[in-house]
Every structure is written in structure tokens, then in C-alpha cells.
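Each chain gets a letter, A, B, C and D, in the order it is written, and its residues are counted from 1.
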Amino acid sequence: MCGVVGISSNESVAADIYDALTMLQHRGQDAAGIMTCHRGQFLQRKGEGLVRDVFQAPHMEQLAGNFGLGHTRYPTQGSSGSALAQPFYVNSPYGIALAHNGNLTNSSALSDELYQTDLRHLNTDSDSEVLLNVFAHELQRQGKLSPEADDVFKAVSALHARCEGGYAAIAMIANVGLVAFRDPNGIRPLVVGVKSQGEHKSYMVASESVALDVLGYRLIGDVDPGEALFIDAAGEFSRQQCASNPKLKPCIFEHVYFARPDSLMDGISVYKTRMRQGERLAHKIMRERPNHDIDVVIPIPDTSRVAGQALAHELGVKFREGFMKNRYIGRTFIMPGQTQRKKSVRQKLNPVPLEFEGKTVLLVDDSIVRGTTCQQIIQMARDSGAKQVYFASAAPPVRFPNVYGIDMPTASELVAHGRTIDEISEHIGADWLIYQEIDDLIECSREGNSLVDGFELSVFDGQYQTGIIDDAYLIGLSDARSDDSVDRADGALVGLHNRS
Amino acid sequence: MCGVVGISSNESVAADIYDALTMLQHRGQDAAGIMTCHRGQFLQRKGEGLVRDVFQAPHMEQLAGNFGLGHTRYPTQGSSGSALAQPFYVNSPYGIALAHNGNLTNSSALSDELYQTDLRHLNTDSDSEVLLNVFAHELQRQGKLSPEADDVFKAVSALHARCEGGYAAIAMIANVGLVAFRDPNGIRPLVVGVKSQGEHKSYMVASESVALDVLGYRLIGDVDPGEALFIDAAGEFSRQQCASNPKLKPCIFEHVYFARPDSLMDGISVYKTRMRQGERLAHKIMRERPNHDIDVVIPIPDTSRVAGQALAHELGVKFREGFMKNRYIGRTFIMPGQTQRKKSVRQKLNPVPLEFEGKTVLLVDDSIVRGTTCQQIIQMARDSGAKQVYFASAAPPVRFPNVYGIDMPTASELVAHGRTIDEISEHIGADWLIYQEIDDLIECSREGNSLVDGFELSVFDGQYQTGIIDDAYLIGLSDARSDDSVDRADGALVGLHNRS
Amino acid sequence: MCGVVGISSNESVAADIYDALTMLQHRGQDAAGIMTCHRGQFLQRKGEGLVRDVFQAPHMEQLAGNFGLGHTRYPTQGSSGSALAQPFYVNSPYGIALAHNGNLTNSSALSDELYQTDLRHLNTDSDSEVLLNVFAHELQRQGKLSPEADDVFKAVSALHARCEGGYAAIAMIANVGLVAFRDPNGIRPLVVGVKSQGEHKSYMVASESVALDVLGYRLIGDVDPGEALFIDAAGEFSRQQCASNPKLKPCIFEHVYFARPDSLMDGISVYKTRMRQGERLAHKIMRERPNHDIDVVIPIPDTSRVAGQALAHELGVKFREGFMKNRYIGRTFIMPGQTQRKKSVRQKLNPVPLEFEGKTVLLVDDSIVRGTTCQQIIQMARDSGAKQVYFASAAPPVRFPNVYGIDMPTASELVAHGRTIDEISEHIGADWLIYQEIDDLIECSREGNSLVDGFELSVFDGQYQTGIIDDAYLIGLSDARSDDSVDRADGALVGLHNRS
Amino acid sequence: MCGVVGISSNESVAADIYDALTMLQHRGQDAAGIMTCHRGQFLQRKGEGLVRDVFQAPHMEQLAGNFGLGHTRYPTQGSSGSALAQPFYVNSPYGIALAHNGNLTNSSALSDELYQTDLRHLNTDSDSEVLLNVFAHELQRQGKLSPEADDVFKAVSALHARCEGGYAAIAMIANVGLVAFRDPNGIRPLVVGVKSQGEHKSYMVASESVALDVLGYRLIGDVDPGEALFIDAAGEFSRQQCASNPKLKPCIFEHVYFARPDSLMDGISVYKTRMRQGERLAHKIMRERPNHDIDVVIPIPDTSRVAGQALAHELGVKFREGFMKNRYIGRTFIMPGQTQRKKSVRQKLNPVPLEFEGKTVLLVDDSIVRGTTCQQIIQMARDSGAKQVYFASAAPPVRFPNVYGIDMPTASELVAHGRTIDEISEHIGADWLIYQEIDDLIECSREGNSLVDGFELSVFDGQYQTGIIDDAYLIGLSDARSDDSVDRADGALVGLHNRS
């Protein structure tokens, strides 16, 4: 997962892009980049680490220009698509830079095509480089010396016809303008806002509305599935549907875990979906155990706090911060002659015994992936004196990998893969395990916008919205993840575009 | 404020000190240092920044040794005492290193004495350097080639007789052992724990018990006010009261704000004091406005969450996370040609409008210092649609500076200094402002340990426990804070001990 | 001026490229870069500074691949063409990287053409980026999926037809091979060598033969003016003349100053040219002043040492190291409150008074450019007790700017521009000033290879070999040099390709 | 070997110390440090690397103060005495900092004494830390609150009585003044100069006079053996002989190799000693082979150039630069899968074949230590076509280790240790090997100052001037050198004083 932002203004944009990236930092802490365009030339700064570490004053001073892009990268492993810091750049045609959130599921075939038909060399395994080159190629095919909105929209239409997967991308064309587009299923989020500065209107496109809010941009709304936006060098804004059969099927995992709760996506308040998740979960509990003996509801901070509060309120049970989160965890060092050490989960989450002693506690988390952490947390709750430990997941069992940009373990590493609920409960050591129903999860989100065509639910139901996601594809994905040597080679390639 | 840790073990301690520092990181994020002792020689690594940034693998590999110290520094401004990363070192006598949390109120007089009577040069304005040299001088006066527990205790006794203020310090003497001591009023916290490893007992002294818990040390208890501990090179543990008239008057601000809630200090659970603060505040509200119209209680994350939950529960009102905290704030950059920009509080705290629209909200914070942030937060609540905005402080009005190691603005910068509650309420824009009563605050803490002799309450009542804190002293403190040039010169001195 | 190297081998080339760059370091100490090709992907490391500082072990480990390029950059100021570290890269077609020594005199016109006809965006003012894109465009016009030697040669032919100036370039095409070519006048040097490793032949192309010698490559000879070499992925070597009317007119300043004396260029030993320069200068001295009273010949180290020895020997006068060179000069720091300081030439060159006291000394330098340094050196000689100070320049008066890649001041800054010999002598404070005759200089070089068609002598005679070097061009050059703001903006652009 | 400098002025000294260190850089390129004293407080910057790399503008800005010290460290291996960057500091008494060139031969015994009698902890194996603490202790024994010149001189006298070895040291005492002293044999060099600035006289003490010259200080002369200088805070200068039986026996290796030729040491011009070495060597050649067939004399650059010129002139033979030195050598990288590589001497010294082909060449070097490099150089001369290769050493055979601060291999690694001249000649592959006679070498130096009492010649004759240098001591030295693990542990200790 990643965060993207693009701004077209009539004054310098780098500082605003920086601020927007800090608002999108939760979408990726692995690397960050800003690229601006000044008098037809691109300027950039990219690096590994948090936004606040990558950009220092001398870098910001160099980033002149009234339009530009920013990107924060999620620390995916094995997924070759995000091994490089973005934005990416090609010089032909026009000079184009692009930042991307998502994943193409046919990038391998596209890569071959790009070389065969256009002699375009891809220097990485990144699907973002593929996306950029497809866009560049399709724009070049329009053959204009000075492309206009129509040319851009035609290029995006051609791109949609070739690319499969989930993608929300922002590009800029030197001397021409800023372009944003979203895949025909609207899997990955993208919103646009406007700010009037005197006569001039500045536009900002970003992964989440919270970036707009804080910077004083008024949310116009979402980029529609399949739609493209174009803001030309004069600041003229235009938008057009570029897909033949667009559907709105946003990724529901954004609501469960990924997005900030104060964001609005496709008209849906993430905060409210999480509240409803807590309420629905409470109803299920009351259905299943009308006489439950829960003394206190305790969230696993931070994501599950909203759902947990609603759940507790609906159950009429106390809600307490039983785990204290330490935000300053460091690395694990092994000293010479020392026996093997493992960073315990306790360094990150320390229990407050008062809230556990002699009680029946219900722990709440947003979801359960590998199950290893919640196993340790349940044990901590017992060690702190809990009489019984129940565990609730605001999402249904996660059973399948994600191919649209969310970094998930391979199926075999998922605790829910091939296990019944009882088996999972036993595995993690809970006295009772309650999962959200998938229909309930859907309703929690749909209630925010009844016009959606559905949701991207593949991690729960294994149904992929695009292309052919067969066993061979997933095995390839799995191999890439577990093959360390591939990771290293890929890391080496980082060198080309973005490292001196 | 700072965090200190010392470990004496029979195996390498650097990795454990590192982990302990990450547990104490909330006590200071400005600088960090570790010093170990190996075969009579000290090894160190110090630097500015977070623990995870200061220590890399090559540094850790160098930090051999079975006993050592660690320190995290609070980013105080103007207070010259903490301009340097600790631990500090003197080579005469024996080679002694020391890490310190607190502040001496007579360091200027001591500094003159040290030069006049012992020709000891102090290269900084740091009171920690003073403390170390007083200890070194007093130990040298014992005149032993191989000092033993008694000599150490005599030196600490002499130190207590000379030093005024609040201090919790851990020192190590090359080839001799680890020493820990606490000021005779027990103003700053210090606890000790033990871990059995076969026949050997390892000891750990730290600012907060949470560091012990996570590393598997069993809490023995607090270092008493005026007491000193000594663990010799063979691992023998001894302790002795070294003050003539010790009293337990711990700093209550640790309970209000500074300490982690999962810490136990002087037998008092910080978590429980905060719960009680919420309850007492609820009672006051119900006394003052039995028919209050509060719809929802919203904490200012993160510190006030525990008190807020108890308050809401006691009032029988919903408790909601109405503000989302962004943990990734960066610097403010001004681009050339751009108008002045100010980082809005919104980048750090963004409201969830749903929880405010049309409601009467009660915002809760742990305390109010300058009042500028809560002014902005109240405005945000209104902008998000709140009908009425009430504000509750879990602590009484902060009206006086702190001289025992907590970095507070000078009196004139405190919003409560010279203002009535109504005037403060108007200043911050609240529709109603409720402060905790000081007696209630005291009772919240005393309930945890009825044997305390009182609390260090000076920020609330202006009564200082030690020495002569007169106007001249406070004016000096104020001048040091506001004099930028002093800060810079002081920063330069950092060079001597700890920068290559 | 810059140094370039390219190697095609059957084993890893990065370490050899590194070593070659250290042998070419005298051609540019400002920045360095290595790019290798491994399984169709480019890997790179570039940075500012000396080769030994730019490349550390982790970088080298990443630079896998059996063919690759290296570049060292000269610290030109204002000349926007070399503001970026090389090699440069374009991804279309094929993926091509290029390293370049020299300067195009029609790069501005070419840049416009590239955009108009091919929509190619140039992100810098660098003529190397222009050269790369011209080559890329011409190769793309051949339209092959798998280009062969013929296609490459056609592209170079087309490039020669479009580009004006002096250039020696080495390029690599991903999966295809290594290409080297030299401008049709052979202004900038380029040699090729071979090393047999079992059955396999490895080839190395470099700016100077000394790089080949040291790495065990046997010098095959020079790349001819206008010629192109191609070594395909299988290691097959081919070469072809690609210019319609090639002439060999190498830059004579390489012999005077730039090249290492142990290099062989166009069949000419640089060492011998300098010996002959000394001899011819001796003859002129004996012609002009048969009864000269020179007591000792003293070189300005290091370049003039060879010519100085020959001169002294021919004159029958002692040759002495009267100036000691300090190789460790640092920056000039001004401390607060300190009066303005200027780094004196003495920090770099300190006289040995013994060799000056009471003597008539003849100082020898390779050439005189601005005249400021030799003015100070002459004064130092006097201060050290010299009776009379004569000054000899192994080259004729430098009166015109260079447009082929040598960084020279603008005409107005040249001491010989618009001054007679007597005026120059007076200006620099010499008692006698002797310049080499231009015909003598030519003969010194021609004697090494009678087949040359002439030499690039423009700094001496103002005659430019290529294109239209008119006043407008030179004024533009001068403006670029003196306009600091241009420098800075240009520096900022470094960001795009080569800085994370 | 190291370089030291100290300045007392009435304006900021850091920039001058920096410049002086660049003039002394040839004495040590391993590490550098500057410490200044400003209003009674010490400020410092130390680091590994060249002066120009260690000090950047922000460091220099911090180094306020009108007196200070500088140090450049030689990259000794195994010799634990110089593992730390200097100057060193102790805070008791007064605050004293010290920079040192040389080596104490009884530092182990002194170290024990310091702990036993004064409880002074030494945190490193560095004899400089010992020297500083002995000085501190002796000064403390004077017992003054404000020490004056007499107290300082008494302390130096006591120090001379306790310390054995060669040392030239500069110290500063906070608020008190600058001190410089030299061992009673004057083994290591130290000079003093003065510069008048209006009424005020500034003083500079340095290892070599060249640092004074360049900075505009007039050389007063050498610090005498056993003498101490003191410049108090008011700028008053005093000097006194502090040794009971001083002798002037300077290290002759300074003249052979170490010092800059343009330095004046103990009244002796280094340049002239090298000239005379060349002349005496010529006489020996003419004695031994009156009909020698030498065609050309070729120096091994750079040190032997002066002697070589004189030798050639005296012989009446041509002197030629047959080897070109590359000043940009980098590290040796081994690429994965590559066979072992060795940096050939050719990367550093490349022959000019013209000067060798068919000739009988006499190569001249300042001395022969291990013999491995000259073996390779002789082979290069042969490969370049030399008919016969003779080799001359301007110094006699090096047969013994040095214990006074020059880093020499252990005896067994010296090619001349236990070999006859013929055996050495055969070993290095020379057709004829000529060594300087030891008496001639002495005369070359004594001619510069007939008042010397002799020279420190131990590397040639095994006679040590001070203390008991027995087999046990030398074996200890040898063990320290070859024991890598000791090196590493020592390196770790660097941490304490000078690394953050």
C-alpha cells in the first residue's frame, strides 16, 4: 500500500506536498519521494525512511515549481512492484513522472509488450514503471507536440484497456499538466479537492481526503472508477470517464484497517464503518451468547479503538485501555556471547494488570492475519490475571492473498487459511473467538454509500475482480515473497533512478 | 525530564539497556546515551535523536561489558543543565560515569565550590556534571584504593548534605560497581528489580518499573528517598539510607502527565491515579452542574484517555475518539516566495465531525499549560459543528515554574498565571472550563500509597520542597530560557565530551 | 574535461572500472559514476567527490554485470553541460546509458530538434544528455528489435551529421552491447585495448592509455576520428568509420597540461611532447639571450616538471625543486569577528629559500591562464631572496576560450587577452617572460605522429574547428559562467537522475 | 608520528589551527582534532580522516576561543598509543587538554603509578593519556588555585623525571594558559614563533616551522630539549629549562623521510640534509665504482626527489622523472565470483618506458623498509626495458624497530634485519644496491647544526636513548602490532572521549 498526492497551483507546491505526505504517512513508512516541475524541468528528492527524515531544508529549497507529485511507500517484502521509491520518470515523450498506489496483475505481459512494440526498456520489476511506460506509450501514439485534455483522456482509455489490477495514479507531463486516474473498478481510493486563491483555483489529488482537509482544500469528491482528471499548465481542470464499463468496487480493507478513520472514501466515512463494525459485532455476540459474562472490552491499540468503543457501548460493558502502546520500539540487537533474544510483543504492548485481574475480558482487533501477535497478546492477558480471554475480530477471517497492492502473507501463512473458527481459536489460545460476518462487514461499508457496485473482498472470499488470478499467479507471488535473493537483487536496482 | 537505567549482570548488558531505553523513551526524545564498563574501561555511544536512531549495530558491538548505564534526554530549551547527552564521565578518582534525572537548585554555588576546594573544572552548565563531580570529590575524600559499599554510602551522604533539588542518579565506578541514589525528598522516581540467572542475580535500576517488567526483572521496589544502592563488581547488592531526614514527597506531575500509565511509582499505580482523576472530576462536574447537558466526552489523545474514560463512565456519558492523532508530523518548510505558513494543530489532531455535529462535547486533557493548543482544539471542535464546547483539565491550574527537572514555560507564559478560572475559560474560548481541585488530585495519588509524606506540587501551589527558590532564582531560570544566545553557546559545548 | 571508461568482459567489470577511474581521476575530481548492465538491467552509483569517496563496498557489491561504463567529472563552473554526474540513461529505445568527454557546440539547437521531432524531454542543460538522446533517436530510427553492429554504426553516422563539437563517448545498450565513438576531428582522445582471458577477449575503451596499461590491457590503438566501435553481448568486436570527412586534429592542450605524461594519445607520447617543449623553450632562450645569467631552473610542481628538466638540461643549468607542494589544502574558514582572510598560494606552494637566495631563477610552468597565481609565485621567489625572477611558459599565450570541453575562464579573465608579452610580464611582475612559440608547440606534438592533420589550437589562435563559434556563442558561454544564479538552478537539477 | 600545533592569540584561533594542521598533514592522515578554550570552557571537534574532511563549517563556528590546540594522527597499527584522536582532556585539576607527538617507553609503569598514587583512571592504552595525567597530577601537587609559570615549570620538571621516551607536547589549562614541552633528548621536534598584532604578541608552537611560515609567524626557534614554554592568559610568554641533564639528540628519520623538506628543525634545514645525502651517496658511488655505467638517475617520488637531484648532479648524470605518481589511489574491491586481486604498485607508480629502454638506471629512494615495494618497482623498471637496475637508499639499512613514535614494522619484517647488503640486493632483485653510510648520514645532518649532541639513530644502530628497551619490551611491541584482536578492542575504546 502507498500514499500518493499531486498538486497544481500558482505558487510553490513542495511544502504542501510535504505536509500532505505526512498526512498519508500511515499508508507507507518505507520510502518517500517528491517530484516537482519548474520551467519544464523536473526536480526530485527521494529516499528511504519517513517523510520527516527524507526531506531536509536543502532538498526542499531545490524543489521549485507550481506542480508536483508525492509518494510514500509501504514496506512490502518480495513484492517487486514497490522496491523503488517513487515517483518514476521517463523522458520520452514530453517528460512524464508518475506516482502510483496499487498493483497491476498483468505487469509481466505488459512489460514484454512494451519492449516488443515500443522498444521501451524497463529497468525494474516495479509495476509502477510498467504503468508509467504504458501511459507514455499511449500518449506518444496520439502524436501531438502539445497534448491537450482529449489526448490525455484517450491515452488513459487505452491504458485501461491494457492494464489489469487496482491502481490510483497521479502523473505530471512537463509543460503540459497534471493527470490523475483510477482503475475501472475503483479498487484503490483517490480524491480531488480545490482551493481558491484569489482568481486562481489550485487542485489537489490524494489517496485520502484527510490530506485535503488539513491543507485547506475543499473536497470535490472521489475520482470515479475509470475516470481521468487533467489540470493543464494554465490551471484549467477537466475530467472524463475513460473506461468502457466502470464499476465502483472499492477495497473494503481500507475501511477495516488501512485508511485513517477521519477520511471519507467514495462517500463513505471510514470512522462510521468502524463504529458499525463494532455494533454489528456486538449484535452477533448477543445473538450467540445472550448471557455472556464479559466484564470489560479492551482494544488492541490503535486501529481497533473505534470499533471497540462502539462494541462496548452496544454491549453495555466497560471499555478500557488495558494495553499501553510503546511507540518507540527499536531493533533487536544480539550481543556477542549472548543467547538468542526475541523482541517480545510486550515491548510494544504492555498490559495494565488492574484491567485483567479476575476478569473475563473481550479483546478486540481490526482483523487477524498470521495470528502470532494475537496469540502472544492473549497469553499476556492471562499472565495479567484474566479469568477468561475472548477475542473479537472486526473483520471476517482473512484467508487469501491480496493482489491489488496490500502486502499480505502468502495463503499458507494466514492463520485462517484451511482452519475452522474453532481451530483458529484453539491455535491462538482464546477461550472464545468471534469474527465479523462477511455480509455484516459489507453492510457496514455499504451503509455509507448505497450506490457502490460492491467491494473488493478477495482476502476474505478469494474472488478477484480483475484479470486471471489463478494458482500459477499466486504461486509466483508466493515465490517472490519468500525468495530472499530476489529481494536483494531487486533492492540493488534501486540504484538506477534514485540513488547517487 | 529524562529517563535513566543501570544494569549489573554476569553477561553483556548493552542490548538490555537499549531495550530499557526504548521503554523510557517517553521521558526524553532529544538525545540518548549508553556507557558500559568492560575490563575496567568505559565504552560509550551518545547522540541526538531517538534511541532507535542513535544506536546502530556497529555501536552496539563496541559496547561490551557486564555493567552499564543508559540515559534518554528531554528536549529542554534554555535549561542549560540538559544541553549535553549523558552519561558523563570523570577520570579521577577511579573513573566514574553518571546518568541523572532531575535538577539541582544550587548547582551554581556547588560549581564554584568544586573549583575552589578541589580544582575541578566543569566544562558545561549541566547540573549533572556538577552532581558527578560532587560525588567524585566525596568518594575521593574517603581515600580508598578499593572503595567498598561503606565508602560509597558515605560519599552519597556527603552529597545529600551538599546538593539541593530533585535527583535520581545512577553511577558506575570502573572495576568497583554500580551505584544508585535518590534525593532525600524522593522527588524524582527510581525503582530497582532483580532477575535470577542460575546462581547469579542481576540487578536493574530504572526511572520506571515498566522497563523492568518488559525485560523480565522482578520489581523489588522503589529506591527510598535519600537511600543509596550499591552492587559491587562481584554482584553483591547492598542498600543504605544516606539522608538525615528523608521524606517521601514524589513529584505529582509524573502521575498527571509524565510517567507511563503502566508504571508503578512509590507503590502507586499511575494508571489508577488517572482513573481516579477522571472519577473525581466527574464528581465535581455533577456537584457543579447536576443537570449538565454533556452529550459526549472526547479525550485529547493520548495522555488523557484513561482519565477521560473514567470520567465518561462515572458521568454515564458516551466516550468517543473524536480526534485522530497523526504520529508523523514533520517540520514546517517555507518555500521561496511563499507567504508565512504555520503548522496548524490540525496536522497533529484532526476532528471526526460526526462526533461533534450538533453536540455538547466535553473535551478532556491531562493539564493546561500555555493554553494555545487547547484554544485551537476548542476552535476545531466548534468548526466541526459542536453546539457547546466544555473543557476539563485532570490537573489543577498550572501557575508556577518547575525547578526539579520538568521543562515548563516561565510563569508569564502559563495561561493560568495571574488569571481566574473564568478568565482562562474565556481566553481559551471554552463554554465551560472545569479544573481538578488540588486536594482531589492529591487524594487520587495518595490513595495509592497512604504512607507518602506529601507530594511535590510546586507547579500548582508554588511551594518548593528544597533550598531557596526565590524570585532571583526564578528570574535567572526565565532568562536562561528566553536567551537564545545562551542556548547556542551551550549547544556548542556539547562538543567536548560527546562529539567527534 | 572528464575521463570516460567502458569495459566489456566475461566477468564482473565494476572493480576494473573503479581502478580505471582512479587512473583517470586527474581528468576530473568533481564527481564520479559507474553504471553496469546485469541481465538486461542497469545498476549504478554516482556521486560528487573523488572516486575513492564516492564508491564504498556496499555500492560495489551492487554493481554486478559483465559490461559497464565509468565517468569522472571536471569541476566546471557555469558550464551547464557538466552539472550532472554521468553516465546518463534513457529507457527508450532498448535502455541506453552514455558517458561523455567533450562539448557539443550546437547543443541548444539539437535540444529543440529533439523535442520537436521526437518529443524527447531533456531535463538538464547538459550536452551529454543531448548527445545520448540524439544517439537514442538515431538508433530508434533503425527500427530493429535486436540492433546489430550495422544499426549502431548507422546511428553514429547520423549522429556525426547532426552534432558539432568535440566528443569522445562510450555508451551501452541493454542486452545489446558496448559502443564507443569519437568526433570527426578527433578533438577529444579515446583509446581501446584488449585482454585475452582464455578463449575470451575483453575490451576496454578509455580516455587515456594509462588506464589500459595498469589494468593489463594491451593497447590496440586510438579510436579514429569519426570512427565507432561496437562490442556485442557475445563479445564480438567490430569497428567502422562513420564520418564522411574525418580529420585527426587532437586538442593540443592535452599534451600541454591535461593528460598524464605516461599516456600515449594518437600515437604521441605526452611525456615526450613535454620534453620537447622544454628543449624548444631552451633553444628560444639561447636565441634570445645567448648570455643569459640563469642560475637555476625551478618548476612549478607538478605538471611542468618534465618540461623544466629538459629545459634545464638543454641550457646546462641546475634544475632544482625550489617549491614544495602541499597536497592537503583545505577550505578557507572565516571565524566570527575575524577580518577577511585569503588562502595564500603559500599554503599550496612553499619556497625553499636556499634555492632562491641571491640567484637569478627561471620559473617554469606549463601555461599561464589568469596570471594571478604566477604573480604570487613570482613575489614569493623575490621574498625568498631571488636576485632576478624569469618566467617561462611551455605553451604560447592563452588568449581565447575553449568550447570543446576544457574549462577556461572567459576571454576577459585571461591575462594574455589583449596584452602584449611585455604587458603580461609587467602584470605578473617577472623580470623576463618567455612564451613557447605556437609553431614550436605544434612541432613538439607533431614529432610524435607526423600523420596528424593538425591540432585543435583555439585557446592560442582563436580558430575553432567546428560549427559556428561566433561572438554571440562566446558571450552566451561567458554569461553562463558568470551568472551564479544559473549555476544554482542547474545544481538543483542534479536531483532528477542521480540523487535519492 | 603525529603533528601538533598550539596558538595563543588575542583573536579567534580555530581557523589558524586548521590551516596549520593542513601544513602538518604529512605527519599523520589518520585522524585530526582541534580543541579551543573560550571563557574557561573547552570546545572540540575530532574525527578520523584528513583535516579537510573532519572539519566542516558548522564545526569551525563552534570552535570559539583565543587559544587552542590541534593534532593530526598517523595511522599506526597495533601501537595502542595512538588509537584515539587527540587532544585529550582531564577535568581535574583546572581542566587540561593535551596533544602529543612521540611515544613514552614506560607508559605501562606510569599507568599503574597513576592509579595507585592518585586514583587516576586511564580509559585507553594511549601513552598520550598517560602523559596528560602525569602532567595533571604534578600540577595538582603544586596545589595552587591559580597556577603561574613557576608552577607549570615545576610540574614539567617532575614530569621529565618520571617519563621516558620521546615526546613533544602542547597543553592548555582552562583560564590559565598554553604550555609546550619537549623531552630531555629533544627526540621529537617542536618550534615556536611569534606574530605581532598591534601591541599584542601571538605565539604559535608547532611540530614543524613550515606551519609558522605560511601563517605569518616569525620563527623564534626550537623548544630546547627538556625545556617548557608557557604563555599565560594575558599573553605573557616565559620559557625555562626543566630537565636536569638535557641533550639535543633529534630523530634523524625526520630528515630522511618524515619532515617536509622546507622545514627547519633544530637549526637544520631538512632540504639541505637531503641534498647532502644525495651528494654523499654520489661520492660513495664514485668511490666504489669510479667507472659506473649509470645512464640516468630516477627518483621514487616524492620524498627522494631532492636527494636524487643532488646525486645526479654530483655524478654528472641525467636526472629524469621516470615514474609518474598517481595521487588518487582507491581501495581494492573484490567482486563476487572474481578471483583474488591485488592492487599493483603500478596503480601508484607508472613507468615512462622512454626513460628505461636500453638504459642502466639508478633508482633512488629515501630508505628501504620492508623491501616489498622496491622489489616491485625494480621489476617494473626491467619490464620497461631497463638494461640494468641499480638501487640507492639515501639512508643506511633499517634494521631495528622505533620506539619513539615512528610506526615501523617489527624487526622480522624489515628486509635488512639479519641480511647482508648482498642478500638484500638479491632479495629485491637489484643489479647493484648502494646504501648510505651511517656516518655520512649523521654528517649530512650535523653539518646543519654542529651543536647537536648526536642523533636518535635506533632504527639503524639499535641504540635507544632512553630507559630500558630490552627484548621483552620489543616483543611486547611486536605482539601488539600483530595481534588483530587487540587492535579491535582498542578501536572500540575510541568511543569514550571523542565519539557521540
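Basically, a contact is a pair of C-beta atoms (placed from the backbone, for glycine too) under 8 Å apart; a residue touches a chain by one contact, two chains touch by 3 or more.
Note that the structure is a prediction, hence the values are computed from the model and not measured.
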Review point. Common contacts of chain B and chain D?
Key: none
Review point. If you average the Cα atoms per chain, which one ends up farthest from chain C?
Key: B
Check your understanding: Which integer distance in Å separates the CA centroid of chain A from that of chain D?
Key -> 61
Exercise for review: Would you mind pulling out the distance in Å between where the CA atoms of chain A average out and where those of chain B do?
Suggested key: 37
Review point. Quick one: chain A and chain C, Cα centre-to-centre, how many Å?
Key: 50
Study note, to complete from the structure: Multi-chain touching residues of chain D, meaning two or more other chains, are 64
Review point. All pairs of touching chains?
Key: A-B, A-C, B-D, C-D
Point to revise | For the chain C and chain A complex, residues of the former touching the latter | key: 40-48, 59, 62, 64, 85, 89-96, 116, 118-124, 133, 140, 145, 174, 491-493, 495-500
Exercise for review: Quick one: which bits of chain B touch chain A in the complex? Just the residue numbers, please.
Suggested key: 11-12, 14-15, 18-19, 22-23, 25-26, 29, 50-52, 55, 57, 60-61, 63-64, 210, 213-214, 260-262, 269, 271-272, 305-306, 309, 313, 318-321, 324, 326-338, 341, 343-344, 346-347, 350-352, 354
